[in-house]
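Take a look at the structures below.
Each of the next two complexes has subunit A plus one more chain, namely subunit B in the first and subunit C in the second.
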Partner chain A sequence: MKRQIPMLILSAVGTLLVVSVFIPSARHWQEDASLYFDIIAVFAFFLGGGNLIRVHAEKVSRKSAGWIYSVVTLLGFGIMLVTGLFKIGNPNGIAGDISQAGSYFQLLFQYVMSPLNSTMYALLAFYVASASYRAFRAKNTEATILLVAAFVILLGRTALGVLLTNWIPAQFSVLQVPNLAIWIMNAPNLAGQRAIMIGISLGVISMSLRLLLGIERSYLGGDN
Partner chain B sequence: MNKYYSWLILAALIIVVAILPKPLVISPTASVIVTILLGIALVWVLVLTIRGHLIGRRVVFLFIGASLTLPFFMNFEMPIKVSPEVKILYDALAKLPPGSKVLAAFDYDPPSAPELQPQADAFMAYAFKHDLKVIIMGLWPQGPQQANMSIDKVLQYPEIRAKNPKYGVDYVNLGFQSGNEFVIQRMGSSFRGMFPRDIYNTDYDKIPLLNGVENFSNIDFVFNLSSGYPGTVEWVQIAVDRYGVKVGAGNTAVQAPSVYPYLSSRKLTGLAGGMSGAWQFEQATQQPGKASTYVLPQTFSHTVVIAFIIIGNAALMVSYRRSKRGEA
Partner chain C sequence: MKYIILLFLTCLSLCLSQALLAQTASSDPPAEAALVPSEPPAPPSNVRVSDLANDDGHGIRVTWDLSPDDGAGRSSVISYDIYRTLNPNDPDSLWKKVGTVVLGVRTYADRGEREPGSGSYLPKHTNLYYRVYAVGAGVRSAVATAGPAQATDDWFNTMKVPELIFCLVFLVLTVRFINMAKKGIDLYVRPLAGIEAIDEAIGRATEMGKPILYVLGIGTAGDIATIASFTVLGRVARKVAEYQTSMIVPCCDPVVMTIAQETVKTGYADAGRPDAYKEDSVYYVTSQQFPFVAAVNGTILREKPATNIYLGYFAAESLLLAETGVLAGSIQIAGTDQVSQLPFFVVACDYTLLGEELYAASAYLGREPLLLGTLKAQDYLKAIVLVCMVALLALRMITGADVISKPFDAPWW
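Here is the complex of A and B:
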């Protein structure tokens, strides 16, 4: 019973939603179902928050490697949660929006979270450069093609690409680096992306069918 | 000991930045000299590599750091070419008559702000200058806050300040709504159902701009700024496919390649991708902003990355040659 009831719910809801696409008067079922989805998703927030506290509190209590970072995580989580929930410093009080100018939540967002997030993302430039230096090697034909494409895209997305090949006459403008970059995006990239999208769609359809028919049971947990 | 050197260098850098006059811009000649020195240093690294002295990653970091920071002080005229996808986006905006209602979906957060915030600023400035009515929303929790930052910025522009756009009449921020693509789907039947109040807790029906706005059929254009899921793909799949609204997008460079299929099938009405797209969008809308400044460091850093890929491959060739000699 523990397995059959969830499978029955999934099959019934899934089939109803598929059917609703083809029956105009039943289209609102999709919106109703999406509302239920939202209600269920709210519990994921609690689970996520609870799990974060549990994992990091355990790390701190055991003083395992990097526990000090867990303290920072818990502090950050707690401060943002409290300032957001109780709208501390909000000019409009508890009724105001959390992003109201002047509220502590907004100040923390603007002057702490925003620059920290941007800094983390900016570090990618260093890692990308280092990884390109160590791993982007023309070891075989495929890697060489990828390398050349990367060169064209890297150059084509900058002013240097325009500067280097602007002299090429208009009738051969396709050879200008920015135009080559556009061609790569519009031809090989497009073909690849479409192939991936079609593949994913076929995968989604087959997985959905497996779920609806009760063949796929991994979501129930356990071995089956 | 190395740890202390790092801290000392960091402290020295902070002091230098603090005491330097601002804005500090060196002359074009000095900019050329600095660029040549950087080029010579890269050639020297290449020569060292060919001779068999491999460099460590710290040297790579140093070059990237220099290529990202030095151009901020340089004075170069950068040639520009507006790509077809950015032109389509600009043309779609240019066709909108004054008073058109544009839904601006801010689906990103601070990490993507360097690429997307300049696009947001350029779009907002263009919209206010051309009397477009902007309805802001976000499928990402921090999106509406990014929108507010953009509005605060463009309202300082003299041209826009003179127009004095009013909240609730010329623009409105509906805030964040959870539910990802389901939000778009439900907006197809009712905006009010999804956003009963704006971020300042004002009832939907009490906002003059939203009078008569029931669903997508009352929206002339959707401009989506996106850095992932939910984002442009979901807007195209639901708002365009099901409700027939026109959607243009600004994406991060990482995400942009994945939406090209929608661009070529004309489901997506224009795309500004990454910093380069932001720069082109700024130029097209004649609203030079941060992207026009950031594009020079981007050009330098891309060039340095290319140089290091070449150096890395030179190292590979050297190691092949050595192994062949060893075999011989």
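Here is the complex of A and C:
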């Protein structure tokens, strides 16, 4: 019963939403369903918050490895919760908008959260460099092709690429490095991407059908 | 020290260039030109209104013949303004402007909202009247009125016929292959290295006495990639329980966490070891993308998991996670349906499930006839799509007609 009821709900709601794609009068069913999802998600946020406090409080009480990070997490969670919930420092008081300029919540978001987010994002540049270094080692034919293609694109996106090959006559302009880079991006790269996307679309349909027909049950643990 | 100075100088030059750019932008003269009212253009003619086809009953199509001054005559038309009201005798102030189109356009679809409280509400089964003005430089033409028209809802979207045919073909193929599988006919499915490596990776973790990290991505429980990941998670949890090793599942969404907890718990129960399940092994981190990455990277570096499995919806965090996994020396298996993230996983992970392989993973792991039947149907449909694409392309090259997009652009009857 524990597995049958969720499967029944999934099949019924899923089938209705698929049907609503073909019936314009029923198009709002999709919006309604996402509204119900949001309502359920609100309750799940309580579960999430509760789980976060429990997991980290246990780490702190047991003094397990890295417990100091849990203290930071709990402090951050508590401070943001209190400043957001009670709208501390909000010029319009408790009735004001949570993102009102000048409120402590907004200040913390602007001067702590955003810079930290940007810092994490900026790390990506260094990670791309290290990943590229590993990927571009010409170990075999495929890696060599990748290296050559990447080299052409890198060169084609810089002024050096233009300088090196602008002597090539107009009738052979496709051989100029910037044009070669554009061709690689627009022909082989795009073709490969589209092939993967077609596969993904079919995979999504197949997966949805498996779920709707109740063939796929492993997410409920009942696959045998 | 010299690197710090170099970094500082780079930052300084970037800041200066930004400041210079901002100054240049602010010193640009305002691109405003005073509109000198000219003679009004001639109005559009033959204005017609009709119900918008294939909609939910809250849309009207307005069409008109172009003003004689649109691209000809005095060429003074810039755009057309479309107004709507319930009563044609209303004064001008009660006519509501619903849209503007540029010169040369002779139709407008007035798509309203279905909620009466909404500002753009368009009532169903009610007489509606429309006005169209040709607008010149600071002036507008005389009015051209049309109506009444009533918006009605349709029971089938005729634009969706190709999709319906596609779905039906897929359904038929699926049922056929499922029946074949039920009869015991062996269905060959090509091996997926990434999936075959999962058992090996779990075994490695057991030998090393280290945990397995399973990341479901940053998608919600409604994302199909996350659902596909749940199906694999259930099977991985069961294997983990059988091998008596441990797993860590940090989640980016509370709903995902709740489902993941249930999935892992059931996996342990199916393996006959419900007591080995630790509730803290599946936990919520945060819904923010980069704080989630920071937390998971911290876990990777502290716990040094033997195996990292990243399956689900991933964005910019894909490389941040995978590169940290490389630093920690973990075996990494990844899979996502985000095409732009696949290259990052390919370079940083040992095995990558490309797009559709993520959805096939569960069926491949289970090896059940029913699941394999759907995989076979998917493969056949892919072949049909390829044949159709090549045939339509050839037809287009031979005839020159737009046979590729036309079936999807117009109603089928």
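Methods note: the second predicted complex is superposed on the first by the 179 of 224 C-alpha atoms of A that agree within 3 Å, B and C clash if a C-alpha of one lies under 4 Å from a C-alpha of the other, contacts with A are read in each partner's own complex, and residues count from 1 in each chain.
Basically, a contact is a pair of C-beta atoms (placed from the backbone, for glycine too) under 8 Å apart; a residue touches a chain by one contact, two chains touch by 3 or more.
It should be emphasised that the depicted structure is a prediction, and the values quoted were computed from it without experimental measurement.
Student: In the overlay, answer first, second, both or neither for which of subunit B and subunit C A:Met120 touches.
Tutor: both
Student: Determine, under the contact definition given at the top, whether A:Ala150 touches first (subunit B), second (subunit C), both, or neither.
Tutor: first
Student: Check whether A:Pro188 is in contact with subunit B, with subunit C, with both or with neither, and answer first, second, both or neither.
Tutor: A:Pro188 sits against neither subunit B nor subunit C.
Student: Mind working out whether A:Met197 is in touch with subunit B, subunit C, both or neither, as first, second, both or neither?
Tutor: It touches subunit B and subunit C both.
Student: Quick one: classify A:Arg134 as touching subunit B (first), subunit C (second), both or neither.
Tutor: After superposing on A, A:Arg134 lies in contact with both subunit B and subunit C.
Student: Just to be sure I read the superposition right, which of the two partners does A:Phe37 touch: subunit B = first, subunit C = second, or both, or neither?
Tutor: A:Phe37 contacts both subunit B and subunit C.
Student: Looking at the overlay, what does A:Gly102 touch: subunit B (first), subunit C (second), both, or neither?
Tutor: In the superposition, A:Gly102 touches no partner, neither subunit B nor subunit C.
Student: After superposition on the shared chain, which partner residues are touched by A:Asn51: those of subunit B (first), subunit C (second), both, or neither?
Tutor: A:Asn51: touches subunit C, not subunit B.
Student: In the superposed arrangement, which partner chain does A:Thr158 touch: subunit B (first), subunit C (second), both, or neither?
Tutor: Only subunit B is touched by A:Thr158; subunit C is not.
Student: Kindly list the residues of subunit A that each of subunit B and subunit C touches, one partner per complex.
Tutor: Common interface on subunit A, subunit B vs subunit C: 28, 34, 37, 41, 113, 117, 120-121, 128, 130, 132, 134-135, 193, 197.
Student: Show me the residue ranges of subunit B that touch subunit A in the complex, using the header's touch definition.
Tutor: Per the stated touch rule, the residues are 57, 60-61, 63-65, 68, 78-81, 83-84, 109-114, 142, 144-145, 148-149, 175, 178-179, 182, 185-186, 189, 199-201, 253, 256-258, 260-261, 264, 274-276, 295-296, 298-299, 301-306, 308-309, 311-313, 316.
Student: Can you name the residues of subunit A that touch subunit B in the complex?
Tutor: Listed in rising order, the residues of subunit A that touch subunit B are 28, 30-31, 34-35, 37-38, 41-42, 92, 95-97, 99-101, 106, 109-110, 113-115, 117-118, 120-122, 125-126, 128-130, 132-139, 147, 150-151, 154-155, 157-160, 162-163, 166, 178, 182, 185-186, 189-190, 193-194, 197.
Student: Could you pull out which subunit A residues touch subunit C in their complex?
Tutor: 18, 21-28, 34, 37, 40-41, 44-49, 51-52, 55, 58, 65-66, 69, 113, 116-117, 120-121, 123-124, 127-128, 130-132, 134-135, 193, 196-200, 202-211, 213, 215-216, 218-224
Student: So in the complex, which bits of subunit C are touching subunit A?
Tutor: Subunit C reaches subunit A through residues 54-57, 114, 153-157, 160, 163-164, 167, 170-171, 174, 178, 220, 222, 224, 227-228, 230-235, 238, 253-255, 257-259, 262-263, 265-267, 269-270, 280, 283-291, 293-294, 298, 302, 316, 319-320, 322-323, 326, 337, 339, 342, 344, 346-348, 354-360, 362-363, 366, 368, 370-371, 374-375, 377-378, 381-382, 385.
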